[in-house]
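Which chain is which? They are A, B, C and D, in the order written, and residues in each are numbered from 1.
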């Protein structure tokens, strides 16, 4: 694949993402329409008169034809206007802007944890397939997938953060150091359920790579040690997990929503949960959009990464 | 969020007025265990975010606590809630008709930017309050405010009003520098300047998980007394109360605002500060439903409720209700005969029903609240004793609200508190919102309401309230369950903290025992 | 002449330790300097496993249970450590160029990965060496090819890359595991010519594992015939191909088509099939299929004995009395001589 | 939920997997059976509040202790299995059936219907499954029904892709063509040829989906968006017990362990089934 080919590949995938994004927007917009309850009533509060309600409807553009409302919605989204929270005190875009870094840091730290845990255990397990370590790791992994993330979170809070005092019990930090410290336990709770998935994929990749002819050929050609592991095992074993990247990310995102509420991290997931609990339409709508766009983007990055790692992938 | 009351109700209107409140809350001071903290920073946990940085938007418990810290008030609540005391105003007087108030300002009050608090600033603030979009209505009697000199403010009212001094202790009565120190309001409220004990430093992640950092205001009028005692106040908001408890137990929080019984019971007694209960939790019965149209059933339900048992689950934070109205609000008097738990009487009433069909009722409540859930479960068990089968319908607050409004439930648990310092406010609420839902006969309620709000005589007011309570009991469409406190958790090394029944406390008086 | 590689009594085991199977038992051969040595046999005869054992790259579950592997160093044969030998003395060309080249590496990087890791070559050195090697194995436009990915090359080119990769370590013995089986006939010929040329130019020894007797005939000097995990006959190609001394070798040769074989005449086939590792008979393993078998064959211990009147060595009990007329195989295929690869 | 599948994709081991299969199935069956007889087994009414017996620690009388209303935690954990297990199973089975039908449809009807199904699948996959679930529960209101709809909407995609792939592969095979030519209906071809081919992988998907569905159900209930009182559910029990975690840990730790137990049992069954099916 030439550089030019890759460029076009990325471009084409970007173009393909556009209709998907539009449909997503339409769906997110449609959410508001199918929700039981009158958004105007929500805004006006219980004591509003009929006239006030009508005025609010006009103000919100709810009296216009649906397609026009959608066009307006697109326009507002394009300018970053996602409305305000139900109490009216905060813009949804502000909420997203302040929550995004938190969620991103959480995802980044748990990705590091996940990769390190999965990588180490996969290498250990693949050393002797069906050996003691492999079986043991498989059992632990089964537990890891089965442990409810939120439960692990509260157990970590009560069982680790409280007695050691080394981590904040809920909440976020304001300096890089405190932020990282606040991210450790939530990221760990998150990784425990995701790492086994990556581990299994990596492990089978490693086993497969070790059994491969090119691995033998490389050894025969005198390649050994870390070079052998890195270039003839890990790099090849990374291809299947990277193609899982999008799936893993959605799993991580799902987990982040849970973990953020367990640990009280002011990220997008906590906002989503609280909006669902408080029935805050605009917030749900805005966050759904952000999350799904993020997944579209991750899918895109995943495809490109696979193409970079595995030159055989047709572009 | 409450179901029927405006959330603002929670603020329970300050204090108001002498004579009514009695001593409340735990005694000041630590437990004497000798515990110390390494730094002189007060870290506060709460579950409700502030409503913004302007007094006008002050609405919920977060702002009620934070606004006075930043801005200060002309008058403040006495620590025991028994009346008002000087704040930025050293004293005030009013003319015989109560239409013109004169405030004499302290000379040592200063904003956090170093400028002194002058009459001009206060007069400007009065206008801002009156013109506020959200809370302006409270101040609609203010005609004008002027500053004849640096330390005097004269306020002219459109009508007589003796409620103004109490109003000035509210979180909406925030003292601003004149003309917002030359800034646009939006700009000013991103980094506000106030005359309270603490100066604004930062507000991170505004919203349910926000952190607000304040530091000592050296120009605070209490500086001469050494107030405020702590260097920094850091307020951490988290929706998860259980997690906040862990943080408190782990020494990461020094103070928790809004402690529930479940949480408080996890703490040593001396760490929980519980003021007098001042919020009513009532059971509403929909008499438009065929079964509930029979007053005998409604009365039977009331008699079958063991309020003592309901309260015992939240030992110390909740007391059995004697009537349907919030207690510890001025002019709140109990009904002639308080509720009694009498199963035999309840069964007798059940037998007197015109129609002897088995009774199955739905009960709506906000499922997210653990105390409500517990209470609903107990109610179901208790009503089963008289053969009333209750189906629990937990839901989120909005659904409870919309379905409650459309009458989808037979019964609804709802909270009632004052949003201004008179019991007639919650009464107006019952009249406007609850009576239509319950289908009660509100003729007497209306009459007594008018009677009570046109007199200045406390005895007349009290009599009207008693009649209303008695009427509610007779109709049994609104049945009082319990009265609740909102409490605080206070670490051993925190001294000088006094809880009032109104969610507010004087942060300037709080001390931290440090190692030195 | 000192052999450059000698394998003695190689035993390979698989299965559990208490009930092991031996896909290869007591196999042995030696390869002289500059010699092309063929190892022939049907699939399952253990020839490829034997070759793998030489580099220590046995498949999972197969282990070496006996035997001596020696490589020439400083004029004498010495047992070697695999890790040592792989980087220096021994190179290996695999059967499937499709799977034996790491799909995630560029050709140039792949070819020099071994010496780079071993000698710490700089990227620049590695790159220019790679281009040299690719040129040596006859890649057109080696500089451009070095930047290609394996999947972009044809099978023949990939096999050249494989050879270049094996040559990068400057081996003295090149092991080739059926290097042409997966290729088209035309391409096979090119690769064979290339191997021949390289052997001549570099003075390499080549061990050639194949089931294709024609290839052995064209390329090799000496040959060992394997059957059911054992070497049954060894000798010079000329001798073995014209006067096989083991009935199995003879049968194998008769089953090979020649240009003269009329299309419509079926090839002579040996009745029966090669026994698997689990059901090998006692004594001579070929005996049940052998037209000349005697009762004594069933008790025969395997040894490669001198054959009277022949330079070959054979495992057959009847080497002395079974010296039939030489097969006329001269016309079969001419050995590789001139021509270019 | 295409992911956890990799966990199951291990080389078939020695042994038929019967032990694992039986162990897992027995565990689940026992738990489910016990849920119906929780009161009789434990000697305590799981719903009975006893304010005089609040927060009893685990003893011989109350194996898992009592909660804030004096209810027996063991009895409640067992009863909750009757809520969690069927919902988790349905949460995996409903999308499996929908996915198989849609996948077959997409494979056979390759015209616009097939395209539409696959585009829909792309769209669904753009949403992280849990977020999709929260949004749907938000739209439909909390409860078991919303959970099932949410789970079904998110999880059918993997099955549809799997079955469609098998159909596309098989329809080129001679014997399937012959079967069709011989007048075998689509349904029979589907049942005879497609399903058996897709089944081993589908079982692995379904197993991981059961575990995932259970953890999502528990998480939703924990957040107050799933099963609500008086329904008894593990996640909801964990939430109820959370304020007391420090001093009365058993109230929320025990239901958490129950969830883990189910996860392990399902993995055992899946592993065992997979080994059997692969032979």
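Operating definition for what follows: a residue touches a chain if its C-beta (ideal position, glycine included) is under 8 Å from a C-beta of that chain, and two chains touch if they have at least 3 such contacts.
What you see is a predicted model, and the numbers here were worked out from it, not measured in a lab.
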Item to check | Contact-graph distance - origin subunit B, target subunit C | outcome: 2
Checklist entry - Looking at A-D and B-D, which pair shares more C-beta contacts? => result A-D
Next on the checklist: Please identify the chain with the largest separation between its CA centroid and the CA centroid of subunit D.
Outcome noted: C
Checklist entry - Which chain is the middle one, judged by CA centres? => result A
Next on the checklist: Counting only Cα atoms for the centres, state how far subunit C is from subunit D in Å.
Outcome noted: 55
Checklist entry - In whole angstrom, what separates the CA-based centres of subunit A and subunit D? => result 22
Item to check | Whole-Å separation of chain centres (CA-atom averages), subunit B against subunit D | outcome: 45
Checklist outcome for this item: Chain centres from averaged Cα atoms put subunit A and subunit C apart, in whole Å, by 53
Next on the checklist: Two or more other chains touching the same residue: where does that happen in subunit B?
Outcome noted: 242, 246, 249, 368, 396, 399
Checklist entry - By residue number and range, which residues of subunit C touch two or more other chains? => result none
Item to check | subunit A: positions in contact with at least two other chains | outcome: 36, 129, 154, 157-158, 162, 261, 277, 279
Checklist entry - What chain-chain pairs meet the touch criterion? => result A-B, A-C, A-D, B-D
Item to check | Residues of subunit A defined as touching subunit D within the complex | outcome: 20, 23-24, 27, 31, 34-36, 129-130, 138, 141-143, 145-151, 154-155, 157-158, 162, 193, 196-197, 200-201, 204, 240, 244, 246-251, 253-255, 257-258, 261, 272-273, 275-277, 279, 284, 288, 291-292, 295-296, 299
Item to check | Complex contact set, residues of subunit B against subunit D | outcome: 241-242, 245-246, 249, 260, 262-263, 266, 309, 312-313, 367-368, 370, 373-374, 376-378, 380-381, 392, 394-396, 399
Checklist outcome for this item: Residue set of subunit D touching subunit B in the complex reads 49, 51, 68-69, 141-142, 224, 228-230, 239-240, 242-247
Item to check | Touch list for subunit C against partner subunit A, complex | outcome: 52, 55, 57, 59-60, 83, 86-88, 90-92, 94, 96, 99-105, 109, 113-118, 149, 151-152, 162, 165-166, 168-169, 175
Checklist outcome for this item: In the complex, subunit B touches subunit A at residues 1, 4, 6, 51-52, 57, 59, 202, 204-211, 236, 238-240, 242-244, 246-247, 249-252, 368, 396-399, 401-402, 405, 432-433
